[in-house]
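The two complexes that follow have chain A in common; it is paired with chain B in the first and with chain C in the second.
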Partner chain A sequence: MIASIVSSGVAIGCIYALIGITYNVMFSASRVFSFTAGTLGMLGGVLGSLFISRMGMPVAIGLLLALAGGAVLGIVTEIVAVRPVLKSLDQHLYVLSTLALALMVQQFTAIEWGTDARPFPRLFDISRDGLDQQFWLPMLACAAVIVGLELLYRHTLIGRAFLAIAEDSYAARALGLPERRLRMASYALAGVIGTLAGFAGGEMLLAYFANAPMLTFYGFVPVALGGMGNNRGAVVAGLLLGLFQQAANFLVGGVFASVAVFTVFIIVLLARPEGLAGASLQRRV
Partner chain B sequence: MAKTAITRRQALASAGAAALASTLARPAIAAKEPILIGYLPALTGPSSSTGIGINRGILLAVQEINAAGGIDGRQIELITRDTQSDPTKAVNGAAELTHGQKVSCVFGPVNSGESLAVVPLLARANTPQVHPCWVDTLTDPKKYPMCFRNAPTNQQIGHAANGYVVEVLKRKKVAVISDTTGYGTASVNAYAPMLKEQGAEVVYQGNVDAANPDLKPELLRMQSAGAEAIMPWSVNAGFLSRIINTRGQMGWDVPIVGQTTLGSGQTKDLLEKPEYWAKVYPNNFRPVCYVPGGKLTDRTNAFLDRLKSAKIDMGDTLLWWIALGYDSPRMMAEAFKNVGSEPEQVVGYLNKLKGFPGVYGDISFTPDQHNGYPDAEVVMVEANSLKDGAFNLAPGYSA
Partner chain C sequence: MDQPATQFHPSRVKAAGAASPIAAALPYLALLLVGLAFPLFGGGYWGVIATRACIYWVLVSGLNLVVGFAGQIAIGWVALLTLGAYTTSVLVAGNVTPAFPPYLGLAVAAIVGAIFGLIVGLPALRLRTFYFAITTLGFATIVTQVALAWQSVTGGGVGVAGPVFPEPFDSQWSFYYFCFGLAAICTWMTANVAASRFGRALTAIRDAEVAAEASGIAKPALLAKVFMFSGAVAAVAGGLFASLQSYITPDAFTIDLSILFFIAILIGGRGSILGPLFGTILLTVLPEFAAPLVAWSTFLYAVLLLVIVLAIPGGIAEMLDFRNRRPLESDRAIVPRPDRLERLLGTAPDAGLLTLEQVALSFGGVRAIDGLDLEISPGQVHGLIGPNGSGKTTTLNVISGYYTQQSGAVRLNGADLPALARHRRAQMRIARTFQTPRIVGSASVLQNVMIGGTIDGQCSFVESLLALPRHRRDEARLRDTAMLALEAVGLERLAAVRADRLQHSELRFTEIARALMLRPAFLLLDEPAAGLSAEEIRRLGALLLAIARAGTGVLLVEHHADLIFDICHHVTVLNLGKILAAGTPAEIQSHREVVSAYLGG
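Moving on to the complex of A and B:
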């Protein structure tokens, strides 16, 4: 029983963490919380099912095409929903513009793909004994993203340029860094990570258009708890959220589990508004 | 050049003649005006599988009625508003149908959660309504005198399903689970007390978010509570398939008995292994089931032939959904043909309807009983016997 709670809790937590990282990568590049993060996760499942199950493509090709689709949506988000509102960040117009784009993509998916949940293919034809692939695939994807981002940010020039933009975009631009192109690249990267989350968790979440609001909502919790822009905080908070949610499902069950999750969420934010791993913001006077 | 000026007298005479002509012509035009039936299906959204099936039958019936000349020369026109499985949109659609389109009668909504919001609204608008939703409170001849149900109530469904679990399968400890929709919660609240009255013990009772990706904790709670049967009540194929898959993964040999969508093609598509569909018994309806020997009734066979000749797909839906959709406009058309399309006339006719011969079942109403489906036709079936949208009766039923 405990093994079951831990395996599914960690797996779901990894999906939430990846969506949290998606939020953070977009936030770091633009100071914008793009609510297309959950939609990217939903598309990972839908595109994976479309390419592999319906069109019969090999898994690797299906994965690559799904990730490419996510990258394209990331770039479209930057151009359509983020860039036009960057000059008035203090008015928080990005909430409306990104949410509107997310809803448009979700509704388009519902019209073209259908509104029923559809099966996501089993990626590897191996036995279900032991820890099943539907659980270890999200864990593997999460680990790969953490390691990949660490290598990118610490050991490559473009990664350092991303960090420079995140640190101070004006200074980075003054130094000659192509801020706009780097921001677009960050959004493409976020698109890939978000889509990978949905693809890796596809067997668990199914290919279902209504996963978008669920992932947008639960994926934001690790960001708020872990500290905005803090990927390590998002991973820890995502895993804790998944485990707590599954434990609450078992202990109290039904709709009470959601109530328990959000009660804890509110209590934590009341105690530490900057998040568990976030630093207090200094207010300039 | 000739003068074309018109005198005041000529103008008045022309206006008078035009007015007289339009008055005289009105009955002839009215006689050819279509009769409008408002229709509120959920064609999209998470509860749309029922609506999609019903829609195929409705469209076929209206097409057949109109092709045969309509109702005394008047065509039936279906004014459809997709509720998108959302009660708010269903209310908006109902308001538009009654106030904007001024329909003669409304069929739908086809999901109880939406009907709970729409039925009081249509009652206030004095619009005759026929719906197939199961929640008991959705008909009440005193509160909603113009509302009729041409499908079973939750009580009828519960009686058949609970009776099958307790009396046929001899299971006394039961887990009752639903999603968080209006239909789901109302069903659990109705069936749990019924089970207790029938001698069973409800060891687990819960409403779960249908988007929850992992139902194993819920099934573990059922198992540790000693459940001997699981009774799910939801029209969400994703939710139902997760229950069936989780039971299979756990290797838990316990029957699943409940909602008709357990046996739908959408649920089947989401199963991890075909063998997980064994020991799943959804409710269904005797007139559209195979009796031992694998045969359907003559009436249903004739209907199947019509569906096949109209090239209507049955592989991804249930025959009873299509049959119910097919019967509904035909029942309304019979009322229009016999008494006209005025609301009081339609309601008066339906109040005396006796044994309307539907493919889905024979429907009867009285002024005090607006639930028209016969008890004896509600049965349980074997999910994995699905063929052409119909099923074999579950073990324990006789022909």
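Moving on to the complex of A and C:
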């Protein structure tokens, strides 16, 4: 039992962590949390199932198209829901505009795709003992994203430009960095990461429209606990969340696991509003 | 749907843009008549729709105080509806306890709703907007899951029968009148709160939180009351909803419903009662006219939400606000009338001295203030000048509790000021203004000034809900005092105008009027002359001198050296957090270092 708690816990934790990273990538570029993070994860599963199962495309093509779809949604988010309200951050309009966009995508999916959870194809036609692909795929995706982001941020010019924007967008703009294009690129990247999370976790989560609000919530928990914009914090907190949730699932049952996660989340947030790692002091006057 | 008891008093406010109470009440009266007469023309099915609209409004009216007034993004409020529906149904069905009479069940649901409203709402005190939105969303998901899983009580996916209300509310139309009556009462109660100091304090928390704190508004206590009220009416709505549905399952309470409530408020407009009321009716009825679109209704709501946020953030209420579109006079002068100060400020008891002793505070490695001594006496204007970054505003923020000094002491009449207790400064009659005016743009100038007198109100939240006599006395007194304060600073003619239509200089004087509402023993001003014309600065100077003459100690942080030397009794010059010089204006003007470093002589 412990083995299955650990394997499913780590796998689902990796998905949460990836959604957390999706939040973070968007946040770093714009200081905005977007409700579309979980929607991207949901789309990964739905698009994967659509392209591969229903349309019969090869796995690689289906993956690429799903990721491209995520990138498009990321860019649309930036253009439609983020850019117009960035100037009025005080009013927190972004909460509403990104919520509206997330709902639109979710409802569109519910109507066009259906409200039932549909199966996600098995990606590799292999069956051997050991860890099943539905568990190691999310882990692999998570590892790939972490390594990829690390390489991007440390070793490429565009990655450093991302960091510059995240650190101080005003100074970055003054230095001549094309802030708007970089922000769009960040949102596209976030879109890719979010859909990859849903794609890799497709077999566990299925192709189901209601995964959107679920991932929006559980994907935000690692961000809140790990600290805003802190990817390492998100991975650690995401894995802990996954393990805790699966353990509670096995021990006390699904509903009470949800209640337990929610309660722990609220308590930790109330005790440490800045997350377990990191602190910030805002000047208000 | 009664007219709120405390609208503008026409005999007192005849300035541009004032609404007469009758005109303000007309839409409510019209809705009341339509609602009462509805059974005459509506068919059976429309009766269900109308009843549903009333039930939704019972919930939305309460949520409106949370979202529209306090600005808290509570998107998961359907959870309270679910809770109320199940509490009432389960109690009345009697499958856990002995069966309750339906009305008693509804009352118990209200109490449960109030408790959970508080539990769901309280994180708002600690968490920023998105975090709070997510927690309410999470709560909504959890409640549905529990309803689904707790089969022995809720019937799980099979559901439970809703309560049937006994005579006289057992038929369709009598039940409609029951819901309509509750909706009317909710309208009346929330309109009362909106027009009370509590309503103004909520908008201050939403749009100008630091100003709310400086006016002595205790956010936790106020939000707790509003969340409890909102939770209680939402749960009552849930009980009615269960009865209307006659059978409830967890499927009935989707997040879509929550979004509907939330969007109704935003379409209506923040800080309005009538707007969200129309929004609720619109969103309830609209799908009935577009039957093929029913499946798309949530999608359309989302589109609507996006359009509103991007194109008309003010909602219906602002679109219909014709009064505030009439142009204001373009050449209006601010003519303060210091003779009003005596009546406004009265004879304050001697508050003693406000003293800073060896106060030091550093941010990281930067010593913002470094061993500062300062003494502000009643009846004197104390000038604080210095180059940018010399610690002037930091000093002000330490006194008003935004920062805590790392060493040294801030004392009022010999007693230490409590660290970080910002809203308690108002009780000690320490008022302040801000470098950038902190104003509720969507409220009138008069309402903004009345915010300053919040702590002088005596009635409780419940008294305001029910418009009891003490509430009316409070409002009348606050309005009179605020008009007096506006006359004193010279803005009485703009009293009824939306504050965001004012010029910058007028906002500065509005802030001073708001600060005067506290009858301050000490008034801290952060660059009040910035952006003012030479003539306005002269008038400001005369006003500040008159305020000091009335017994208030004034601490003036300013860059305009002329103003400082004209009106101050004592001047302290700061440089890099330390006192460079202190003395009378004459002494400072001849101080060699000050002249060369700062005054450019």
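Just so it is clear, the second predicted complex is superposed on the first by the 278 of 285 C-alpha atoms of A that agree within 3 Å, B and C clash if a C-alpha of one lies under 4 Å from a C-alpha of the other, contacts with A are read in each partner's own complex, and residues count from 1 in each chain.
Assume contacts are C-beta pairs under 8 Å (C-beta built on N, C-alpha and C of every residue); 3 or more make two chains touch, one makes a residue touch a chain.
None of these values were measured; they are calculated from a predicted model.
**Q** Given the alignment on chain A, is it a clash or a fit between chain B and chain C?
**A** Clash.
**Q** Hey, is it chain B or chain C that touches more of chain A?
**A** The partner with more contacted residues on chain A is C.
**Q** Is A:Q246 touching the first partner chain B, the second partner chain C, both, or neither of them?
**A** first
**Q** Would you check which partner chain A:F33 touches, where first means chain B only, second means chain C only, and both and neither mean what they say?
**A** It touches chain C, and chain B stays clear.
**Q** Pick one for A:W136: touches chain B only (first), chain C only (second), both, or neither.
**A** So A:W136 meets neither chain B nor chain C here.
**Q** Taking the superposition as given, does A:S8 touch the first partner, chain B, the second, chain C, both, or neither?
**A** first
**Q** Let me test your reading of the model: by the given contact rule, A:L101 touches which partner, first (chain B), second (chain C), both or neither?
**A** In the superposed model, A:L101 contacts chain C only, not chain B.
**Q** Between chain B (first) and chain C (second), which does A:P119 come into contact with in this model arrangement: first, second, both, or neither?
**A** In the superposition, A:P119 touches chain B alone.
**Q** Which partner chains sit in contact with A:F262 here, chain B, chain C, both or neither? Use first/second/both/neither.
**A** second
**Q** Would you check which partner chain A:L206 touches, where first means chain B only, second means chain C only, and both and neither mean what they say?
**A** Only chain B is touched by A:L206; chain C is not.
**Q** Looking at chain B, which part out of 8-16, 98-106 or 260-268 clashes with chain C after superposition?
**A** Superposition on chain A puts chain C right on top of 98-106.
**Q** Could you list which residues of chain A make contact with chain B in one structure and with chain C in the other?
**A** In chain A, positions 111, 214, 253-255, 258 sit in both the chain B and chain C interfaces.
**Q** Which residues of chain A touch chain B once you look at their complex with the stated criterion?
**A** Chain A residues touching chain B: 1, 4-5, 8, 12, 110-111, 115-119, 122, 128, 132, 201, 204-206, 208, 210-211, 214, 246, 249-250, 253-255, 258.
**Q** Within their complex, state which residues of chain A touch chain C.
**A** Contacts found on chain A: 33, 80-81, 84-85, 88, 91-93, 95-97, 99-101, 103-104, 107-108, 111, 213-214, 216-217, 220, 224, 253-256, 258-259, 262, 265-266, 269-270, 273, 284-285.
**Q** What residues on chain B touch chain A, complex-wise?
**A** 44-46, 48-49, 85, 180, 206-209, 211-214, 216-218, 220-221, 224, 236-238, 241, 249, 266, 269-270, 272
**Q** Going by the contact rule at the top, pick out the chain C residues touching chain A in the complex.
**A** Result: residues 71, 73, 75, 123, 126-131, 133-135, 137-139, 141-142, 145-146, 148-150, 209-210, 255, 259, 266, 295-296, 298-299, 301-303, 305-306, 309-310, 313, 393, 397, 402, 434-435 of chain C touch chain A.
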